[in-house]
Structures are given as structure tokens and as C-alpha cells.
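Same chain, two partners: chain A is paired with chain B first, then with chain C.
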Partner chain A sequence: MRVKLQQKEFYQGIQTVRKAVSSKTTLPILSGILLKTEGDKLKLVGTDLEIGIECFVNTQVIQEGAIVLPAQHFTNIIRELPNEEIILSAETSNNTAQIKCGNSQFNIHGSPADEFPLLPEVESGTKLTIEQQRLKKIIEQIKFATSKDENKPFLSGGLLLLEDETVKLIATDTYRLAYKENTITDKQGELTKAIIPNTTLQELTKLLDNQEEKTKIVLTDNQILFKFSGISVVSRLIEGQFPNYKQVIPDTSETEIVVNTQQLLQATKRAALLAKEDSDIIKVNFNEDGLIITSNAPEIGQAYEEIPISLVGQETEIAFNAKYLLDALKVISDEEVTIKLSGPLAPGVIKTKSEQEYIYVIMPVRSA
Partner chain B sequence: MDPKQILQKDLNQLAPVYLVYGDNYLIKEFSEQFISTFVNQEMKDFGCDLITETSEDFIYKIINSTQVMPFMSDKRIVVVHTTNLFSKKMDRSESLIELLDDFPKTTRLLFVSFKKPDKRLKLYKKVASIGEALEFKELKYKRLDDWIKNKVRAEGLTISFQAIKLLESTFNNDLQRLDTELEKIITFVGPTSKKEINKQDVAKVISKDQLLKENAIFDFVDAIGKKKNSQALNLLNQIMIDGGSSKQILGMIARQIRLMLQTKSLYRKNLTVKQIARKLNQHPYPIEKCLKQSKNFSMDSLEEGLEELHQTDINLVSKSNPELEMELLVLKLSQLGQ
Partner chain C sequence: MELDIIHLDMDAFYAAVEMKDNPELVGKPVIIGGLSRRGVVSTASYQARNYGIHSAMPMHQARKLCPHGVYLKPRHGRYKEVSAKIQEIFCQYTELVEPLSLDEAFLDLSQNDRNSLQLAKEIKRRIKKEVGLVASVGVSYNKFLAKLASDFDKPDGFKVISPFAAEKILFPLDVSQLWGVGPQTEEKLKRLGLHKVKDIAQADKHFLIRKLGKKGYQLYNLAWGKDEREVTPAGPPKSIGKETTFRFDLDDKAAVLENLKRLSQQVAQRATKKGVKGRTVTVKIKYEDFTEISRSKTGERYLEAQEQIYQVAEQLLEDIELNKKIRLAGISLSTLNHSDFKQLKLFD
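After this line comes the complex of A and B, so read on.
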């Protein structure tokens, strides 16, 4: 194999697929990146068998071929090279590669390309498209609510529900639940349900761009493919039964308030500074005159925050884990949010004004 | 209190906190039954938390989880699987005590401790005072027999007394192991065969690794006693490959030599094998074997042997090749005079 390509573009490509390269693996080949010429492009692939990322870099192919190079050293070398033309050549007989750029030259040992696992072909399945920025937003608004509990693997991802004209993504760690709904227009296929691993959601938000360009999604029984800007991400799905989230979202409420998102976010952040160590509990009073947040760390002191609100229904008070409240407020871009409550014992609900779109349910804690 | 009585209680009658410890199999089983009895299965994921001592923020997780209000139930159930919480003082255990001092009325907490708790620890005292600490004793004798019988009966089969004894002598009271082996045996005879499981069935199916491993170390010390050099070295090699630690093997040799020395000196005082066995708190069979082997050594050389062991013990910690040290020891012991 012998190819010529630009350092900047090459490094970007490596960075993209590097995210799927596993750091701890029992299969040494997986700590490498596959480089393969395809037409007039160089294909880069990284995988840890859970998630696989593939992307293409423009090159001038002089001789076709393929090799696997150790991700860590290879990335470091390309990163440090000047933004000039790189000549990469690989010798399959002894699995070594030579990188030349300006006056620098590196020889590194690699592995044969045919030992590298093939990414699963995800072609037939349920298909749909969605703009990159919209998908990015959907994922960002729910991913933080996924569970880290190893005992409940089915909660360690986001539940994707595909209906005829809507896509829903839901995540919960059983202390809070985030639900995001959005419209789709071109769904084809029968499959409606999948749990996407948290790591895949994390990588997707890093890779997805804030642009109108569409992402193609293909869902099969145990895999999901995302294709956008020349990048393909294939991920395995999580097996198991996601809990019935509908039961968790209350449909009635006794108190309803509207509050400025930023004001609430800032006030909560400040109050959390004096929340009791190890519990992060803040108390929130909802009165006609305003919303009052208090926190109390017995050995340090107390905090008091007041924000104007408009309230309909009964006055009430409730305690939350400040962290859970902040997580949601941080990802809401609407100027105002609606909070619905039914007393201090029932879950609180945060909704964005654009009704139905984003729902965040948060379990109250004991207000000591 | 009998654990079964707890499971028969009403959710609202439960104490705020329970601690169970003792036989690992039995406490795990209890924890499962506790969850299936007291947690609304439909809302299991939201109404119950199982927290295991794996991450650093383990105590934070307990505090956080117990403070959350229950969902579609009167009580929230939190189960904690722990190894160290009750056996040594941990960094944040003070926060846990604080939590227990002012425990949420809406939560019921079950600690499952895989290590025997240290009853002097403040946390243990706190749990015992506001709740209950229950020990699941290891099953022995008749209770172990009954446990095996019940396991088999639950599958619609019966088991002979000899078969039970063979299982017990092979796996002691390791219930986890017995459970797996019984499952194999039941699959082997056929769950619908309605037959009585006999000793032969058991012997055919059970895993023999443990038996072989345990025997190897006894054969090894016997070979030393009989001064059979090459056999002893072969067995030593095998035991070390299987992961036996040199310290452990050294301990077994020391035990054997000490036993030979004690047997020999008591025998000289004209005590019978039975009397020696009683005096040394041993079964007569190994004593008889020891007595035979001790004829290969003089009293002085046995004492010398103990000194060799002492030297090897020092070498093991100060030098870097345990295999070599052990081999040298075996050779030195075989040269001791009669």
C-alpha cells in the first residue's frame, strides 16, 4: 500500500475512529486502526466490538493495500507532524508501515489487515433520516440520565422508539427520567424499539455536527447504524426490557409554575454549594410570590434563593437532589420551563414550553 | 428472629434496617427473597435499588438512594451488598451512621454482608439498635442433609443417604457448589425419572477437581513422611502449577512434621493411637498414618526438620525463587536420619 494525503485531514479521520478503539482489550488487534485503500480514498476503521466507527479520508492512491497500525503510537505520530503532505506506505510481507512527511520518517510495526474484524453489515432494517443538529440535541437532552448501575444493564442506554411520525428517546437511572420527542417523516420498516448503549450516545454527540445535513439511521434486531458526513458508526444494542416509562410520567398535577430557565439554573447552582455533604439536597418552596430554594449544611451554613414565578394551583414544597435538577436545566435551551408538581411525595415534572417535546421527571427526596 | 418470619411480615411492619451475614449462599438467597417479597414487581426498577460495593462512591450511592421517595409503593427497598462495610472502619461510614440516626420513614434498607461483621464497630451497633442483625449459620450435619434433601425434593426426586454423604464429604457445606452439582446430577438422572439418586449417580457426575486438588497436598506430605523423594517433588510441582502458594504448602508440611513429632513422643509414653488422637484433637486415621511415617525419622531429626522449615520460611520471604526453596526443603527433609 502506498498513499499520499494531507496531515490535517488524516489526523481528523484518525481522531474520529480512535473513539471506538478500545483501551483495554483481550484482543490485541483491537488496539489498532485499520487503514485500507478504497477507490481514491483511504478507509479508517476502529472498533472494540461494541461500537465501530469508520470514516474516509481523501488520498492519492499510488498502490492499493491495507494494514492495521497501533492506534496510540500512530495517532501521536500523525498529530505531531506538520500540516504537509504525508506519504504512507505499508509492506504486507512483514507488516510494517513507513510514514514520511517533510524531513521526518517513521517506521512502525503493524498487524495484518485480514486479522481485523469486519464491521457488521447493517443494510436491511428500519430506515430513517434526521438532521444532524436535531439528533445531536435529542441525544444531549437525555444521555446524562442513563444509569451507571451494572446491576441494571438495560438502563445503561437510551430507549429509542420509532413511531410513524415521531422518534422518542428516553433514559432513566430510576432517580430521574428524561424523555425527548421529535418528528420524523421518512421512516420505513417495522422495527420500533431499541436500547442504544450510553457510550454510543456519548460518541455520537461528539461526532455529530451542528448542521442541517441529514444522518441516515438503520436499525436491525441487534445493531444500529448512523451515517453522516462520511462517517459510519455501528453499535450493538443492549438487550433487556426497558421499564414502562409511561407509568413514571405523571399526567395530572396540583401545582403548575412557569419559571425562567437561566434564573432557576443559577439559583440552584448557588444553593447546591451549601447542600449537605453526601446528599446534595435542596428544598424548593413554590409560593404565589415566588420560588424559594433553601439548602442547609449544618456545619457550614445555609443558602436562600428567591426567584419570581407564575403559579397556578396549590402552593407546595418539595426537596430534590440538586445535581439531578441541574443536569436537566443545563440542556434546556428554552427561555422558560414549566414545572408540575403534586405535593412533596410525588415526582416533579419539568417541561419545555414547546409542550410534549421534552419531559424530565425527577424523584423527590426526603426534605430533612 | 428467624429470617422466614421477616419474609412473612407486612411491608409496613419491617424494621427500618436489617443486616444479614453468615453463609454466603443463604444470605444471597435471603436477599433475593426479600426483594421478591417486598418490591412491587411491576415497578421493580423504580422501587428497589441493589447497590454493590464496587465503586468509590458506594456510600454516597446508599445515602442518595435511601433518601429518594418510593414510587407507587409505601416503601422504597434498598439492598446493599457489602464486603468491608461491617468488617473494618471505612472512610465515610460516619455519614452512614448519621443517615441511620435520622433514617427516612419511607425506606427499608437491607445490608448483606459477605464478611462476618465486627460487632465492636459503631455502624454495626447502630444497625443492631435500630434494626436487626441476623446470622445465617453455615449448615452442618442434619441441617445440611435436610437442605440437600429439600433441594432434590423440590425437583420431584429423592436422594439416598449415602449419596448425600458423598456430596457432603466432597464439597463440605459449600452450598453454592452443592447447588451447581445437584443441578448437574438432577439433569443427569432426568428430572422426570422419579428415581432415587444413589451414590453411583453422584460419583459419576460430580466434579472431581476439588477432590484431586485436596488429595494432592495430602499425598505430598505423605510422600515426605515416607521419604519418597521423586514422588514428593512431582506432587510439589503439580501443586505449585495449580496455584498452591508456597506458604500454604509449607504450613501443611509443618503441620505434618509437628504431628509426627507429637505422635511419636506420646507413643513413647505408651499411649494408644486412640488416646493420642483424643489428646491431639485429631481423627485416629491420620494419627495412625503419622505414627507409621514417624518411624522413618528420629526425634532429633524431626526437630531438625522443624528448623529446616523455619529456615525455608525465612528464605521464602528474603529470596526470590520459592519453587527452588521448596524443592531444596523436600530434599533436605528426605535426608533426615532415622
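After this line comes the complex of A and C, so read on.
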């Protein structure tokens, strides 16, 4: 193999696939990146068998071929090279590669390309498209609520539900639940359900761009493929039964308020400063004449925040883990949010008005 | 100095419970422990001990010594149940009960008007009658001596150490019998020419403090039968820890870190479940040759999240030599603060 390519573009491609490169050493070849000429492009692939990322870099192909190079060293080398033309050549007979750029030259040992596992073919399945920026937003609004409890793998991802004209993404760690729905127009196929691993959601939000260009999604029984901007992300799905989320979204409430999102976010952030030493607990009073947030770190002091609101129904008081409240407020771009409560021990619900339906359910903290 | 402190130690507890539940096992060498390739013996019945089997011995070695033994996996739930019954008996005599494990506890009977020796005998009898198990009992005027006493004529022991007898009993003992003397301290003491408890008792107190710090002072007191520790009833946990023995010894730092990550996850989960946070993180490493090392760090902030605990653990591992293969790793969280709040759940 022998190719010519630009350092900047090459490094960008490497960084894209690097996210999928295995950090564990189960299968040594997985700590490498596959480089393979395809037409007039160089294909880069990284995978840890759970997630696989593939992307293409523009090149001038002088001689076709393929090799696997150790991700860490290879990435470091390309990163430090000047933004000039790189000549990459690989010798299949002894699996070594030579990187030349300006006056620099590196020889590194690699592995044979045919030992690198192929990414699963995800072609026939349920298909749909969605704009990159919309998908990014959907994922960002729920991914933080996925569970880190390894005893409950089915909660460690987001539940994707595909209906004829709606896509829903839901995540919960049992303390809170985030629900987002959005419209789709071109769904084809029968599959309706999948749990996408948290790590895949994380990588997607990093890779997706804030642009109108569409992402193609293909869902099969155990894999999901996202294709956008010359990048393909294939991910294994999580098996298991996601809990019945409908059951935990309350449909009635005793108290309903409307509040400015930014004001609530800022006030919560500040109050949380003095809740830190304890357990991030803040108390929120919902009164006719305003919303009052207080926190208390006995050794340090107390915080008091007041925000104007409009309240319908009963006045009430509730305690939350500030972090759970902040997680949601940070990803809401609406100017105002509606909060619904039913007393100090029942779940609180945050909803937005204009964004297509976003619901966040948060369980309170009870003082013993 | 009243003889108010008693130490009760159930004889071969796990094995005894198994025999009680399954009388066919009575009189047979019963060994309880991890049955996997790398499991260790947690309890051996007295019959099994005759073959040289003892707790903490690797299972494969036990099987070699006693191939026809009855090997059972521990049933912790059941042992807990039986232990709770025994605790119930204790609590009828005093509130000052300090359980050390499922099969061992200190009792302070000073609040009880009746004679402590009689009470100790009665408790032993009742455990036999009501639970069907045998306890070895030690009675003395402090925790150290009570525990030493219960160990004296096990099994089915009943031993009293009075202030007058303490010196005679203590002085000829090896220093390793003193509370707080592990293999490292033992070696140190012997290098200093201190082999018997008597040597420590007769050594210069300031010399001991100079050589061993606070521990030197402690050992000096113990050698004279002095122990001021009180029997403290079980309160909320003092630390939350988790450790794991690897399927095979590791010599790869990345793999150890991977395990620490998983352990910190488990510790974080238990902390959240119990509603506590901690400021101290301790990492423990056991090498292939069974030597141990631990490093801890106490920060300003209370931690509970997996990422926070792991971050400290990762730093701590930097201070630990990885020049030998590693058999076990553990993480614990201590200096806990117990929150008065409980995070409610949407569902279980």
C-alpha cells in the first residue's frame, strides 16, 4: 500500500475512529486501527466489537493495500506531524508501515489487515433518516439519565422506539427518567424497539454535526447503524427488557408552575454550591409569590435563592438532588419550562412547551 | 477490674450450621469455601482440621489433604439467619454487644446486675440449647484478654482470665499473639530482640515508642494486660469496601486499573444504597506471594460517585509497586458521613 494524504484530514479521520478502539487488551489487534484503500480514498476502522466506527479520508492512492497500525502510537505520530503532505506506505510481507512527512520518517510495526474483524453488515433492516443536528439534540437530552449500574445492563442505554411518524428516545437510572419524542417521515420496516448502549450515544453526540444534513439509520435485531458525513457507526444493541416508562410518568398533578429556564438553572447552580459537602440536596418551595431554593452545608453556611413564577394549585415543598435537576435544565433550550408536582414524596415532572415533547421525571429526596 | 467483658466465638461456625441443618454431615470432615479453582477455605470442621486443613488455605490444597471431605459452598444467607438468633440471645443480657463478624462478638455485662461469670455460662448454655451450636467463651476485664481467653481451650471452651492470672498467662506468649501484631510488626519486634510478650512488658516504654510509634505504646500496655477499648455496639458502617481475587494473577497495570474501575463502581453503588459518602479511599493489593500493601488518601470532599472514587484509586495505585504479579485488589471508602436523606426511586 502507498498513499499520499494531508496531515490535518488524516488526523481528523484517525480521531474519529479512535473513539471505538478497544481500551481493553482482550484481543490485541483491536488496539489498532485498520487502514485500507478503497477507490480513491483511505478507509479507517476502529472497533472494540461493541461499537465500530468507520470513516474515509481523501487520498491519492498510488498502490492499493491494507494494514492495521497500533492506535496509540500511530495517533500520536500523526498528531505531531506538520500540516503537510504525508506519504504512508505499508509492506504486507512483514507488516510494517512507513510514514513520511517533510523531513520526518517513522517506521512502525503493524498487524495483517485480514486479522482485523469485519464490522457487521447492517444493510437490510428498518430504515429512517433524521437531520444530524436534530438527532444530536435528541440524544443529548436523554443520555445523561442512563444508568451506570452494571447489574442493570438494560438501563445502561437509551430505549429507541420507532413508530410510524414518531421516534422516541428514553433513558432512566431509576432516580430520574428523560423522555424525548420527535417526528420522522420516512420510516421503512417493521422493527420498533432497541436499547442503544450509553457509550454509543456518547460517541454519536461527539461525532454528529450541527447541520441539516441527514443521518441514515438502519436498525436490525441486534445492531444499529448510523451513517453521516462519510462516517459509519455500527453498534451492538443491549438485550433485555426496558421498564415500562409510561407507568412512571405521572399524568396528574396538584401543583403546576411556569418558570424561566435560565433563571432556574442559575439559581440551582448557585444553591448547589452550598449543598456540595452534603449530598447535593436542595430544598425547593413552590409558593404563590415565588419559587425559593435553599441549601444548607452545616459547616459552611446556607444559600437562599428566589425566582418569580406563576403557580396554579397547591403550594408545596420538595427536596431534590441538585445534580439531577441541573442535568435536565442544561439541555433545555426553551425559554420557559413547566414543572408539575404532587407533594414532597411524589415524582416531579419538567416539561417544555415548544420543543417537541420533552419530559423529565425526577424523584425527590426524602429527609429521614 | 471487674470480669465484665466476654468474647464469644462460635466453633467452626459455617461447618457447624451445615451439620445442624444436615445431621448426616456430623462427624465428617466438612469444608466450606469457594469451590472454584482459586477458592479458599473459609471454615473447616474440627474433623477436617485433623487433616491439616485450616481457613484461608487454597481449596485445591485442602482437596489434596482430604480428598473424601465434604466440600460445600457457603450459604451466607443462612449463616446470617443463625447469627441473628444468637444476637437475639445476647441482647437479652446487655445493649453493649459488638459483633465482629457473624460468628464472633464482644459483650460488656457491666450494666447487668447479675454475676458476669454466671451470665457468661448461661449465654453459652442457651446458645447450645436454643440454637444447637457450640460457642467458646472467654471472660475477662477487657477486650484483648477476653478474646485471648475464648481462644484458649477451643472448641467448647470456657476460660476466665482474672487480673491476678493475666501476667502468668500473657508473659510466655509469643508477641504475635498480641492484638495488632501482624507479620510485619512481628518481624520488626523480633529484629529488636522482642520474642515473648514478657520481653515487651520488660522493655523500656520510650524505646518501644521510639521504634514503633503509637503502636509501641499500645503493645506495651497490652503486654501488661491493659486495654482501654470499649465494647461499642454496631453502629452505621465505618467503611464500605469491595475486593476481588483475580481468576489468574495479573502483571498488567491496565488490567488492574480495569478491575479497580469495576470495584469502585461496586463501592459507589453500595454507598449510594446506604446513603453515605466518604472522604477516604483505600486501595489494597495482595501479591502472588500473599504479601499485602495498602495505600489511602483522605480528601476534603465527600465522595460517592464511581468516577470520583476511581480517580483517587488510580492515583493511589501509582504509589504501589507492581514488580510482582497481583492476586487481589480491593477498594474501600471510609471516613463516612451518613446522610439523613434518602433519594427515592421511580421503580426498583
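Going forward, the second predicted complex is superposed on the first by the 362 of 368 C-alpha atoms of A that agree within 3 Å, B and C clash if a C-alpha of one lies under 4 Å from a C-alpha of the other, contacts with A are read in each partner's own complex, and residues count from 1 in each chain.
One rule holds in what follows: a residue touches a chain if its C-beta (ideal position, glycine included) is under 8 Å from a C-beta of that chain, and two chains touch if they have at least 3 such contacts.
Not measured: the values here are computed from a predicted model.
**Q** In the superposed model on chain A, is it clash or fit for chain B and chain C?
**A** clash
**Q** Figure out whether A:Val365 sits in contact with chain B (first) or chain C (second), or with both, or with neither.
**A** In the superposed model, A:Val365 contacts both chain B and chain C.
**Q** Does chain B (first) or chain C (second) touch A:Pro347, or do both, or does neither?
**A** The answer is both, since A:Pro347 touches chain B and chain C.
**Q** Check the residue A:Thr174 against both partner chains and state whether it touches chain B (first), chain C (second), both, or neither.
**A** After superposing on A, A:Thr174 lies in contact with both chain B and chain C.
**Q** For A:Asn107, is the partner it touches chain B (first), chain C (second), both, or none of the two (neither)?
**A** After superposition on chain A, A:Asn107 lies in contact with neither partner.
**Q** What is the contact status of A:Leu155 with respect to chain B (first) and chain C (second): first, second, both, or neither?
**A** Touch status of A:Leu155: first partner only.
**Q** Using the superposition on chain A described above, determine whether A:Asn83 touches chain B (first), chain C (second), both, or neither.
**A** Once the two structures are laid over each other on A, A:Asn83 reaches no partner at all.
**Q** Between the stretches 62-70, 152-160, 188-196 or 242-250, which region of chain B is in steric conflict with chain C after the superposition?
**A** 62-70
**Q** Considering only the contact definition stated at the top, list the common interface residues of chain A for chain B and chain C.
**A** Correct list for chain A: 149-151, 174-175, 243, 247-248, 277-279, 281, 321, 345, 347, 363-366, 368.
**Q** Where on chain B is chain A touching in the complex?
**A** Chain B residues touching chain A: 42-46, 49-50, 52, 54, 59-60, 63-65, 67-69, 71-72, 92, 95, 102, 104, 106.
**Q** For a test of understanding, state which residues of chain A touch chain B in their complex under the given definition.
**A** 149-152, 155, 174-175, 243-244, 247-248, 277-281, 321, 345-347, 363-366, 368
**Q** Which part of chain A faces chain C closely enough to touch in the complex?
**A** The contact residues of chain A facing chain C are 23-25, 148-151, 172, 174-177, 243, 247-248, 276-279, 281, 319, 321, 345, 347, 361, 363-368.
**Q** In the complex of these two chains, what residues of chain C are touching chain A?
**A** 252, 254-255, 258, 262, 265, 269, 275, 277, 301-302, 304, 306, 337, 339-348
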